[in-house]
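Structures incoming, each one as structure tokens.
Both of the next two complexes hold chain A, though its partner changes from chain B to chain C.
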Partner chain A sequence: MKPKVAIFDLTDCEGCEVQVVNSKFIDRVLGGVELLHFRLGQRVNRWDNFDVAFVEGAVITTHELELVHNIRKHSNIVVALGSCACFGGIAAINNFMDIKEAKKYVYGDNADKIETLYIKPLPEIIKVDFMIRGCPIVPEDFERVVSDIFAGRTPREHTRPVCMDCKSKGNPCQLLKGIVCAGPVSYGGCGAPCPSAGMPCDGCRGPLEDPQMNAELELLKKIASRDDIIRLFRKFAPMAPIFKEVGGGKL
Partner chain B sequence: MIYDEFVTQIEGHGKIHFDIRDGKVVEVRVEIQEGSRLFESFLRGRRAEEVPQMSSRICGVCPVPHNLAAVQALENAMGIEVSEQIKMLRELAIASQIVHSHALHLYVLAAADYLNVSGISEVYAKFPEAVKRCIRIRAVGNRGVEVVGGRAVHPINSIPGGFAKLPTRLEMEKLAKDFRSIINDCIETFNMFASLKYPRFERATEYLAIDDGKHFPAYSGRLVTNRGLKFEAREYRNYIKEFFKPYSNTKFCVMNGHGFHVGAIARVNIFKDRLNPIASDLLKNSPIRFPSDNPFHNNLAQALEMVHYTEEAIRISEELAVKLKDEERPKQTKAGTGVGVVEAPRGTLIHEYTVDENGIVRGANLIIPTGMNTTNIEEDLYAILTENIKKPKDELKKLAELLFRAYDPCLSCSTH
Partner chain C sequence: MGKKIKKENLEKLFADIGKEYKIIAPIKKRENYVFAEVEDFSEIVLDYPMTILPPKEFIMPYKEPIFVFENGEFGEVIPNEKIALFALHMCDVNAIGRLDFVFWNDLYYKARREKMLIVGISCKPIETCFCKSTGANVLTNTCDLFLKAEEDYYVGFSMTEKGRKLLSQLYFGPETVYVREVKIDYDEKLQFDIYAIGKRILEDYNNPVWEETAKNCLACTNCTLVCPLCYCFDVIDETFVVPEEGKRIRCWDSCLLLSFARVAGGHNFRKDLKARYRNVYTHKFRTFVDEFGVPSCVGCGRCTTFCPAEIDMREILFRLGGA
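Take a look at the complex of A and B:
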């Protein structure tokens, strides 16, 4: 029997779903699974017991909060797809702000009619079996995790910082140039596209296991203001462990 | 009668609600229920260099125009003039983006409507050649964005003043070759969409696009309409008004008090005489004529644009392959407020930022193509439901969805 698969999206940019479409999913995977729920790609969607459910996006409305509990109930394996699901994503910057003022700035007198919850990452709401990190995810990570899951293997975690990817690309070190960079504490395996394009790593995949944040902060404080360090960690994975503290001003 | 499910095969979460009483359409609502991420608010306090990357996160389907509208607005605010080759690279990024976004919409989202299948799995099972064509086109479009911006989804290195890292002439040469390899796929796409049967419906509409005085719309210009309205980007607030509707997290827009339409059909309707040669020839022999007031023809306009922008990408990358050179990035010369306008796949996009003398963003306002189209979508829905009122409810539901989807709405963008 073909595995039953669902892809759900909460509030987000849908860029990780675009990366799924950019991956070998359509060409290599689609024929071998029963895709029961994928609102972006098909009109007939149904709830069943899913073998694997991918959940993209942040929980930002009460409706979405109910939805993720429902997804968990129906799914054998839940995979958080991308940094909004894993770490709250860019919209979780609002968690550090006065949300009333923020809504008033955007919606004026109608601010009260808008619901924007305090954004929790998916693992703080339901049990998540695997995380595919990144803003956006890289297609290769998705392909690897999917093939591991369908083969009954446990997907392996990346254990090296982005610096390893960056060095292997032969890039000059951003930190040595005096640019604030999250590479040393960030979860690698992305191929370091940002430093390769002349920009610093902004830690979109969250921290690697046991990051040396104290050493990183010591380095950053020599070259950057407190505000710049806060901005760096309060960006694409603001609710990730440790990033949350630094982004919240504990440094 | 209430149709209360999220519409499938569109970007983001929205519902169409209509009430029919005594044989009359009494209410139509496009209810956009995407969560509000409040971008305009949290971009305040960020450095100008990081804002284009952050703005691109508004939409993973069309990150390039958000990145570039931000770059252009920030440059206007900060008094930065960029070189001709930087503008060309940006036009190349827009062309690449529109090619692959239209391919996604036409094959993955809209095709099912016209081929009478349920979605991507069935399109793939029954029309494998079409899906492979889509994959080839998208790969090259993505490649174009990646070469210029450093990554396909959410470009990295595009910042005020230019690019943190410029591509090489060799990359441009390869890119030109890549784009040449998909021109026939794009022509096939046009032929496929020209042969489809679109619902018969017409409503006189005002169309808006940007005009740089020379090219088919892409990266910069003032705003013009098919009815002769012309204004500068910085004057947008005098013409385009945003307002709140209690059932939608997206603000609705009107221009001079009424609905208007942006997107592929608007660009083709106004500027069809500026299409590149192959696209222009295809249009001459097309069974469907432009200008068209049938919103379903937006899908054919998208297919036509895939040909045009592919030709454009070939032209620009060939030219840059021989003349691209290293340059210094110009720096901030003033503080102030600036507006940027670009063409996104789904239509004209406006970003506005205020930047202080330290390069920190202090204010933001973003007007998104789907937000601009909302009023027009409701007006079209009202008209098409009224014309077809005798049809069974299920068919009306289907027709309403088909119309909504033909606009290629992006609700993640429009709510932001």
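Take a look at the complex of A and C:
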């Protein structure tokens, strides 16, 4: 029997789902699985018990909160897809603001009709078996994790900082140019697309195991203001461990 | 012995090599210098100060497949390319010589290395260089052809068959120039006795320098990636379920990472960054010397130049040997 797979999305930009479509999933996996639920990718969807459920996006409404609990109940393996699910993502900037003011700024007179929860990363709400990080995810990561899950292996975590992806491409160091960069403390494996295009790393994949955050902050303080540093770690993975503290002003 | 070659004739030498080899040479990429494949001689910057990555990526690439399997078929991936590394500085040439000690029996390394042509060129040592201290400023037979810059010409030297074949071509002048040795000489800013430091490094195991440096170190691995002699690697399997196919990949690794000394069962031999940082030095200046007689450092100065935390390897060595 083919494994039953579902891809759900919550509050997000659907970019990670687009990356799923960009990956070899359709060519090389779709024939081997039964894709029951994929709102972005197919017209007819249904619920069942899933072998693997991928969840993209942040939990912002009570409806979404119920949905993720329901997904957990019906799924053997739950994989958090992308930084919104893993670490709250862009939306979690709410957590650092006065939520009433923020809502008023965006929705004006309708602010009261809009529901917004304090944004928790998915692993703090339900048990998550694995995370595929990134904003957006890289297709190779998705392919690898899917392959491992279906082969019955535990997907391997990346253990290298973004600096390793970056330097292996021969890029000059952003930090040495005096640009605020989260590369040394950030979870690698992305292939360093940002530094390769002349932009610093924003740490969208969250922290590396054993990040040298003290050394990183000492270094950043020499080249940037406190606000710049806070903004950097609040950007894409604001609710990730360690990033959360720095983004919250503990530096 | 050497032979003169006029500057304008270097292009002929380049064209001659290009007939047989894919040429890798230093070029300028925005404000930096990198080794890259070159098809036109005018792209090459002969008087470059320092490239970011050393030429090791052309002998042992960042990620290289060592075997693949597809539809039930298994195939080894043996590289079969003739590469010429053109205009390498003495340090980079000698780094390859020292890598040879380690990897000469490695199938994939040897396949690339044996077909390789290495052409060295004079350099102007910059502020972070210390090749004299590491003994890597002297010409060895790793270099097929070395071009020593004089006022308006170069003198070509060779100690290999491949190089002598080039020296016998007409773009080199007929007269012979005699020299006793070819080496890079300059005033080194910080000089130290590398071998003495290597001898002391294990006895002085708890030198405060490790603790102090580990505090500033980002463990970003930049120093090990830009090092022409850091060769640690990991082996990763990349497989796909439907249909059955995959490959085994050899990929650069770094001993500065927590995962490096972690073994099955989760034990880690070097949990602290302090221990990992010290390991870089004990390997380079002690255990490698014990094994091969030379340090696994050629004093190219890249680790110091490209460290975002501005950790100076020479200063650490000086403190280890100077106290």
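Basically, the second predicted complex is superposed on the first by the 251 of 251 C-alpha atoms of A that agree within 3 Å, B and C clash if a C-alpha of one lies under 4 Å from a C-alpha of the other, contacts with A are read in each partner's own complex, and residues count from 1 in each chain.
One rule holds in what follows: a residue touches a chain if its C-beta (ideal position, glycine included) is under 8 Å from a C-beta of that chain, and two chains touch if they have at least 3 such contacts.
On a predicted model such as this, the values are computed, not experimentally measured, just so you know.
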| item | value |
| --- | --- |
| Partner chain(s) touched by A:185 [first = chain B, second = chain C, both, neither] | second |
| First (chain B), second (chain C), both or neither touched by A:151 | second |
| Which of chain B and chain C A:105 touches, first, second, both or neither | first |
| Which superposed partner A:31 touches (first chain B, second chain C, both, neither) | both |
| Which of chain B and chain C A:91 touches, first, second, both or neither | first |
| Dominant contact partner of chain A by residue count, chain C or chain B | B |
| First (chain B), second (chain C), both or neither touched by A:163 | second |
| Chain B versus chain C as contact partner of A:141, first or second or both or neither | neither |
| On chain A, positions contacted by chain B and by chain C | 31 |
| Of chain C, residues touching chain A in the complex | 29-32, 34, 52-53, 57, 62, 215-222, 225-226, 236, 238-243, 252, 254, 257-259, 273, 306, 308-309 |
| Chain A - residues contacting chain C, complex | 24, 28-29, 31-32, 143-144, 146-147, 150-151, 156, 159-161, 163-164, 167-168, 170-173, 175-176, 183-185, 209-210, 212, 214-216, 218-219 |
| Interfacial residue positions of chain B with respect to chain A in the complex | 6, 8-13, 33-38, 40-42, 44-47, 50, 53-54, 57-61, 63, 104, 108-109, 112, 118-122, 124-125, 131, 135, 138, 142, 149-154, 156-157, 159, 163-165, 244, 246, 249, 251, 412 |
| Residues of chain A defined as touching chain B within the complex | 10-19, 21-22, 26-27, 30-31, 35, 38-45, 58, 60-61, 63-64, 89-91, 93-94, 97, 101-103, 105-108, 110, 113-116, 135-136, 193-194, 196-199, 202, 228, 231, 235-236 |
